[in-house]
Structure formats: C-alpha cells, structure tokens
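So, here come the structures, one by one.
The following pair of complexes shares a single chain, chain A, combined with chain B in the former and chain C in the latter.
Moving on to the complex of A and B:
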C-alpha cells in the first residue's frame, strides 16, 4: 500500500479503535450501578463486546506495523487520541470508586445515538477497499444488531414513560447532540480517507443517521437538538475527562508494560 | 489407511475433545468454530496449524479454547508442534452449529439458535419444547447467550443468539 493511503488507513483505524475503547470503558463503569440486575448483565455484555471490537481494530493496526495492540490502546496520550468527544464524557458527577451519581438517561441517549452511528459506519465499512477491515466489519455487525436493539428499546421506553423521565431524556439528548459534531468526521485528513475508498463520505453517513433516527424521534414526538461542533476529537481535541479515563484504563498496564497478565 | 490419513483422523478426534469451556456438552466441531488445519513436516514430526473462527469478538473463552486445542493436538502421535490462528473470513454464523451441537446445547439446558425463513428468532424451550416463551434479557451470562423464560413449564433457560451475515 502506498504511503498516503496507509496514513489514511491508520487514521481511520485509530478513530474506530479509540471510539470503541472509550465507549466500552464508559459502559463498564456502570457495572453494579445499572438500574436493575438484568441491565447490569446487559451493559457489561455490551461493554465486553465493544472492547472486543476495539481490540480488533488495534490488531489491524498492529498488523500494519504500528506497534502492539496493547501499546496502541494504553500508551497514547490524550492529544494523540482520535475518538469522538461523545464517548470520552463521564457518566455523571463523582468517581466510580467513591460516590458516583451517574445519569442513566445520559447513558441511554449517548449509547443509542452512538450505537446507531456505529451501525451506519459498520454497514459502510463492509464495502471498504481495505479487505481485512471489511471482514472485521461483517463480524462486528452481527453483534451490533443486538446492541442497537437493546438501546433503542431503552430510548423508546424512557421517552414513553413519565414526565420526569422525558425531561431527563431531553436534557440528556441535548448534551449528547452538543458533542455529536465529530462523530462522523474523519478529521483534518478526512479527504484522503474518502479518496482511498476506505469508507463513504462523512455527509452521506450523517444523512443516513438522520434518516434512521427521524422515524423513531417522530414516533416519540421528540425534536432533535442542534448538533454542536466545539471540538473535533478526530484531530486530538479532547476534554479533561479523557485524561482521567486514560489514567484509569492504563493503570494496570503501565505498572509494568512487559508483564504478561 | 495411510499414515497421513491416520494423522488426519487423530487430529480431528483430538479437536473433538476440545469442549466449549463453559458448555462441556459441545465441542468446537459441534459449534462450527473449527475451520481447517494444515500439516507440515517439522523436527522429524509434524507441525499442525489449526484455524478457528471466533464466535463473538470479545469472548474471553477464546484464549482458553486456543490453549485447549494446543494441548489436545499436541497429544496426537507424531505431532511436534501446534499453532492456532483465529480468522474472521469466513465469519462464524450460528448456522454452522451441527445437529449434534444442537443436541449438546439442549442437553445443557440451552436453546440452540434457530431462525425462520423470514429471519425471525425462534426459541423452543430446551426442557419441554414449548414455543410459549418470553425474552427476559437479551444479554445473558456470556455474549452469545440470552435469558428466556418458559411459560409452559415455568423454567428459566438460556438461548444462544442467532447471528447471520444478513443482520
């Protein structure tokens, strides 16, 4: 593969890997805190699947000679990360080990919007010019089907529930949309990613996302809040939340990077 | 039977002793996780390279399965080295589970994954065969299983999720 294409591929894979890595981490922080025992099992199962997806992307990067998957996951600094800001945000105030006051409405709104976006991207990746990426996408897609079904059920149920639930969901959805601007972005060098036909264009995917979520929102009588563009995580623009997450995620690995766990 | 045929049979028999780490009534052959193996001369014996399809990507059992394959195949007469590789092409789908695999799952109390022609998930109670069941939790104790309740015999049970490339 010639150099400009390789750089484009690396950029895209890092975006995909970092997205699922952080998404999985935020999901795992609900362990023991989810609204009921069934949800505890479901959330951890989805977090585990998603970590498996991140591992696949890091593995593809390892195969391209970018260093080991573990190193890519754990040693890159905040400004080198390419995940969307949406997945790095904390679940709410407080720390997991102390007194977490996490917001379940925010978790449901974020997970549904993110998973729907992931589904749109995975469908596009099945036709990627990079064959190993297309194969991984086919595999991830099968698991994603259940994730999307799960979050769409929660999203619909909370919105169809009490006045309080609806207010909380509205507030949560506004927060999610404020960070949604970079979800379908490929960053500064995005043109190279599209030219290499690694995935379809940003706007095509965003339009598909709108087309998919609109009937759900219309059914619930919800107006989608405006999408914000304050930061672009694809270009390494992140919030302090990411630093804290990376410190926790890398804690064990960074104790001794040569150890076999 | 030639020496090579015997080696081939012995390896297949060894692979059939490798069970799912959590469901000891089904082997990796029953589940359709086994894809192929290659044999090459090595060190006066044979090196065997086994190719396996992972079921779910984040499945923590994969490393155990890999170690168990190495242990089982290395025990075959004439094998001096065993390697295991996971591949995603072809993708593992639930229709790779054999009839014996379905029986093994049922024996363990797990409903095998079945889909109708239209792609609808069909779940029969593994205890009484009733189709009068309700989904309790799409996500069960492992990534590949859901928790279901049988309204006929009033037993909770697990069902393996159908996965196909059409989803």
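Moving on to the complex of A and C:
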C-alpha cells in the first residue's frame, strides 16, 4: 500500500480501535453495579464484545507493522489517542475501585447514541476499500444488531416511564450531545481517509445517524439537544478522564512491558 | 390424559405420612421439584444454602471486577470479562431457584437484597478479602474456583432437582474458570522473578481463606454448621473436612510443581491415616468475616447497597412501563 493511503488507514483504524477500547472499559466499570442482575449479564456481554472489536482493529494495525496489538492498546498516551471524547467520559462521580455513584441514564443515553453511530459506521465499513477491514466489519455487524436493540429498548423504555426517568434522560442526553461533535469526525487528515475510499464521508454518516434517530425521538417527544464541538478526540484533544482511564487500563501491563502476562 | 397430580395431593395424608413419603422419595434417588410437598426444614435449608451460594456469586464479581480493566493484555481482558459475566449469570440462575422456594413466604429477590444489606444473608468468606495484585485475579480463578468446583460437584446429585440442574451448568463453566485462572498463574510462574514473587505473595495471603472456604470440620468449631442437615436430606454427600482433603489432594501437588511454597510448614500427608495434616485457620476470624467484619466486608456491601439505591429510580421506571 502506498504511504499516504497507509497513513490514512492507520488513522482510521486507531480511531475505531480506541473508540471500542474505551467504550468497553466504561461498560466494564458497571460490572456488578447494573440496575438488576439480568442487565448486568447483558451489558457485561456487550462490553466484552466491544473489547473483542477493539482487539480486532488493534490486530489489523499489528499486521500493518505498527507494533503489537497489546502495546498499541496499553502504552499510547492520552494525546496519541484518537477516540471520541464521548467514550472517555466517566460514568459518574467516583472511582470504580471505591464506591462510585454511576448514572444509569447517562449509560443508556451514551450507549444508545454511540451504538447507533457505530452501526452506521460499520455498515459503511463493509464496503471499505481495505478488504481486511471490510471483513472485520462483517463480523462486528452480527453482534452489533443485538447491542443496538438492547440500548434502543432501554432508551425508549426509560423515556416512556416516570417523570424522574424522563428528567434524568434529558439531562443525560444533553451531556452526551455536548461530546458528540467528534464521533463522525475523521480528524484533520480526514480528507485522505475519504479519498482512499476507506469509508464514506463524515457528513453522509452523520446525516444517516440523524435519519435513524429522528423517528425514535419524535415518537418519544424528545428534542435532540445541540451537538457540541469543544474538542476533537480524533486529533488527540482529550479530557483528564482519559488519563485516569489509561492509567488503570495499563496498570499491570506497564509494570513490565517485556514480560509475558 | 389427566394432568399429573402428585401422590401427596391425591390423598389426604397426615404431615407425618407426607414426611415419610418424602424421605422415601429422596432415599430412592427421586428429585424433588419446586411445587412438590417438602418439609419446612428442607425448604429453609435450601433457601439458606442456595441464596448464600447465589449472592456469593454476585458479591464475588466485586473483587474480581477490580482486575477486569487492569488485565495486562487484550486476551486477558477478554478472558476475565467473560469469567466475571459468567459469575453474575450463575448468581441470576441461583436466585431464580431461590425465588421459587420463597413463594410460600411471599418473599422476592428484593427481600433477599435487603437481607444481604441487613447482614442476615451471608456471602462466602473469600469475597470479604481484599485483592492486591494481578496474581490475585489468577489465584481466585485457579484455587477459589477450584475449591468451588469441589464443593459444588459434591451437590450435583442433590435431591432438589432445580438446584442440581443449575449446578450442572455452573460446574461446567467453573471448569473453564479454573483453566482461565491456571493459565494466568502458569504465565506468571514461567515469568520474571517479580512475577513469580507476585504469585507467592498472593498464595501466602489467600491460604487461610482457602482452608476456611470449606467451612469448619464440625459444629463444635464454630457453634453452628448445616452440614449434618444437608447430608441427611441428600443435598450433599461429603463433609466439610472430606471436601477440604479432596482439595489438598488435587491442588497441593500442582502448587508445588509450580515451584511455590505452601505457607504452612506443618502441612504433610500422613500415610497411616491417609489424611493431610495441616494447621487450622483461625476459626474465630472466620466467624468474624462471615458476620460481615472481614477486611473488605463493609466496603463491598456499601458498594452493592449504594448501587442498589442509586438505581432505585430505574426499577421504579421499569415497574411503570410494566403496569
């Protein structure tokens, strides 16, 4: 593969890999703490699938000669990360090792909006010019069907229930949308990604996302809050939440990066 | 065809006759089902045993989840995520079995959670302990789940059908967990001096808890023990001490083969008695731990309680959509 195209491919794969790596981490912090036991089993399964997706993307990068998948996942610093800010945000106040006070409304709003975006990206990636990526997208798509159904059910159920739940969902959706600006962004080198036909354009995907979520929101009588653009995670602009997450994710690996674990 | 009516319901039997027939059934190897008549002592013993087992699976997720994000490779992260998810699944399966047993008392899963928070419902001693290193994640999978396989295999033939069937599935998964733990431990044992030291330190800390896991040898040790009743009703077959001896026989050679030292200099196999001789753990400490005064008891319960209270609005919202 020619050099400019390779860089574009690497950028895109890092975005995809880092997204699911952090998304899975935030999901796994909920382990044992979900609103009921059945949900704990279901959402931990989704977190596990998502870690599997991240691993597949990191593996593609390893095959491109970028270093081992584990090294890419565990050692890159915050400013080198290309995930959307949306997935790095904490689940609520408190560290998962102590007594955190996580917000299930935020979990549902974030997971639904993110998963719908992921589904739209995966559908586009099935036609990627990079065949190994297209083939990974086909595999991920099968699991994603269930993830999306799961979070859409929660989203509509909570919005259709008590006033408390509705208020909490409104507040959570506002937080999610404030961080949503970089979800479909490919970063400052995005033009190369689109030119290489690795995936369709940012705006095409964003329009599809609007088209998919609008009927759901209309049915629930919800107005979508404004999308914020404060930071672009694709360009390494992140919050301190990401530093803390990376310190935890790499804690044991970084004890000895040459050891076999 | 007429729907099947159990014999007990077809005839007006005295309580004594019902009990006689019940005992005859379990002596015969029949399985008792949720809607069958059963003596209250049997029902209460099952509720206590299975709710403790179920809630221990759920509370057990808390120490292990501490290592889920920290697992030192993508493969290990996936492995431990799958494992902790299985444990929650076991908890769910077991609580469903208890819910049926609770029906005559009008109690539900919510009541079990309240019993947990009030301290009436206990959970296994091992899950009151702190975790300190990645080796603990391996050791829990390898030896705690290994110990659990031994106690649960002992109940696979339990006279209560729903519990026996749940255990079939649980034991099958626990075998994977023990392999997952063993694989983590093997990698550390083959690794750097620091990695090896990490397992030894972990084993030293967990040894007493592992001995306690099987419970006291007799009720004289701690004042109470349910083992006599559970054996009488054919829920289990072996005593606590027999199970602990099986654990030694299975795991001591494996521990030693990894170059680890058992932190009990008095431990030996007595050929004459065909028994392992070992230093007793501190059974007063055991009583304190299961009373909820263990090193991490309060924090783990607080975590469970806080999340339960924080999510109360979700349960209310779901109840509203069901209404």
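Everything below uses one rule, namely that the second predicted complex is superposed on the first by the 261 of 261 C-alpha atoms of A that agree within 3 Å, B and C clash if a C-alpha of one lies under 4 Å from a C-alpha of the other, contacts with A are read in each partner's own complex, and residues count from 1 in each chain.
Following the convention adopted for this analysis, contacts are C-beta pairs under 8 Å (C-beta built on N, C-alpha and C of every residue); 3 or more make two chains touch, one makes a residue touch a chain.
Note that the coordinates shown come from a computational prediction; the quantities given were computed from them, not determined experimentally.
Novice: With both complexes superposed on chain A, which partner does A:189 reach: first (chain B), second (chain C), both or neither?
Specialist: Neither: A:189 stays clear of chain B and chain C.
Novice: Of the partners chain B and chain C, which touch A:145 in the superposed model: first, second, both, neither?
Specialist: first
Novice: After the superposition on A, what does A:55 contact: first (chain B), second (chain C), both or neither?
Specialist: Touch status of A:55: both partners.
Novice: Per the contact definition in the header, classify A:73: touching chain B only (first), chain C only (second), both, or neither.
Specialist: second
Novice: In the superposed arrangement, does chain B or chain C reach more residues of chain A?
Specialist: With both complexes superposed on chain A, more residues of chain A are touched by C.
Novice: One more residue to check, A:168. First (chain B), second (chain C), both or neither?
Specialist: After superposing on A, A:168 lies in contact with chain C but is clear of chain B.
Novice: Let me test your reading of the model: by the given contact rule, A:136 touches which partner, first (chain B), second (chain C), both or neither?
Specialist: first
Novice: Looking at A:45 after the superposition, I want to know if it touches chain B, chain C, both of them or none. Which is it: first, second, both, neither?
Specialist: After superposing on A, A:45 lies in contact with both chain B and chain C.
Novice: What residues on chain A does chain C touch that chain B touches too?
Specialist: Residues common to the chain A contacts of chain C and of chain B are 38, 41, 45, 48, 51-52, 55, listed in rising order.
Novice: Which residues of chain A touch chain C in the complex?
Specialist: 25, 28-29, 31-38, 40-41, 44-45, 47-48, 51-52, 54-55, 58, 69-70, 73-74, 96-99, 101-104, 157-158, 160-162, 164-165, 168, 248-249, 251-253, 255-256, 259-261
Novice: Inside the complex, what are the residues of chain C that reach chain A?
Specialist: 58, 61-62, 65-78, 81-82, 84-85, 88-89, 91-92, 95, 134, 184, 187-188, 190-192, 194-195, 299, 302-304, 306-307, 310-311, 313-318, 320-321
Novice: For the complex, give me every residue of chain B touching chain A.
Specialist: 54, 56-60, 88-89, 91-93, 136-143, 147, 161, 163-165, 167
Novice: Touching chain B in the complex: which residues of chain A?
Specialist: 38, 41-42, 45-46, 48-53, 55-56, 135-136, 138-143, 145-146, 149-150
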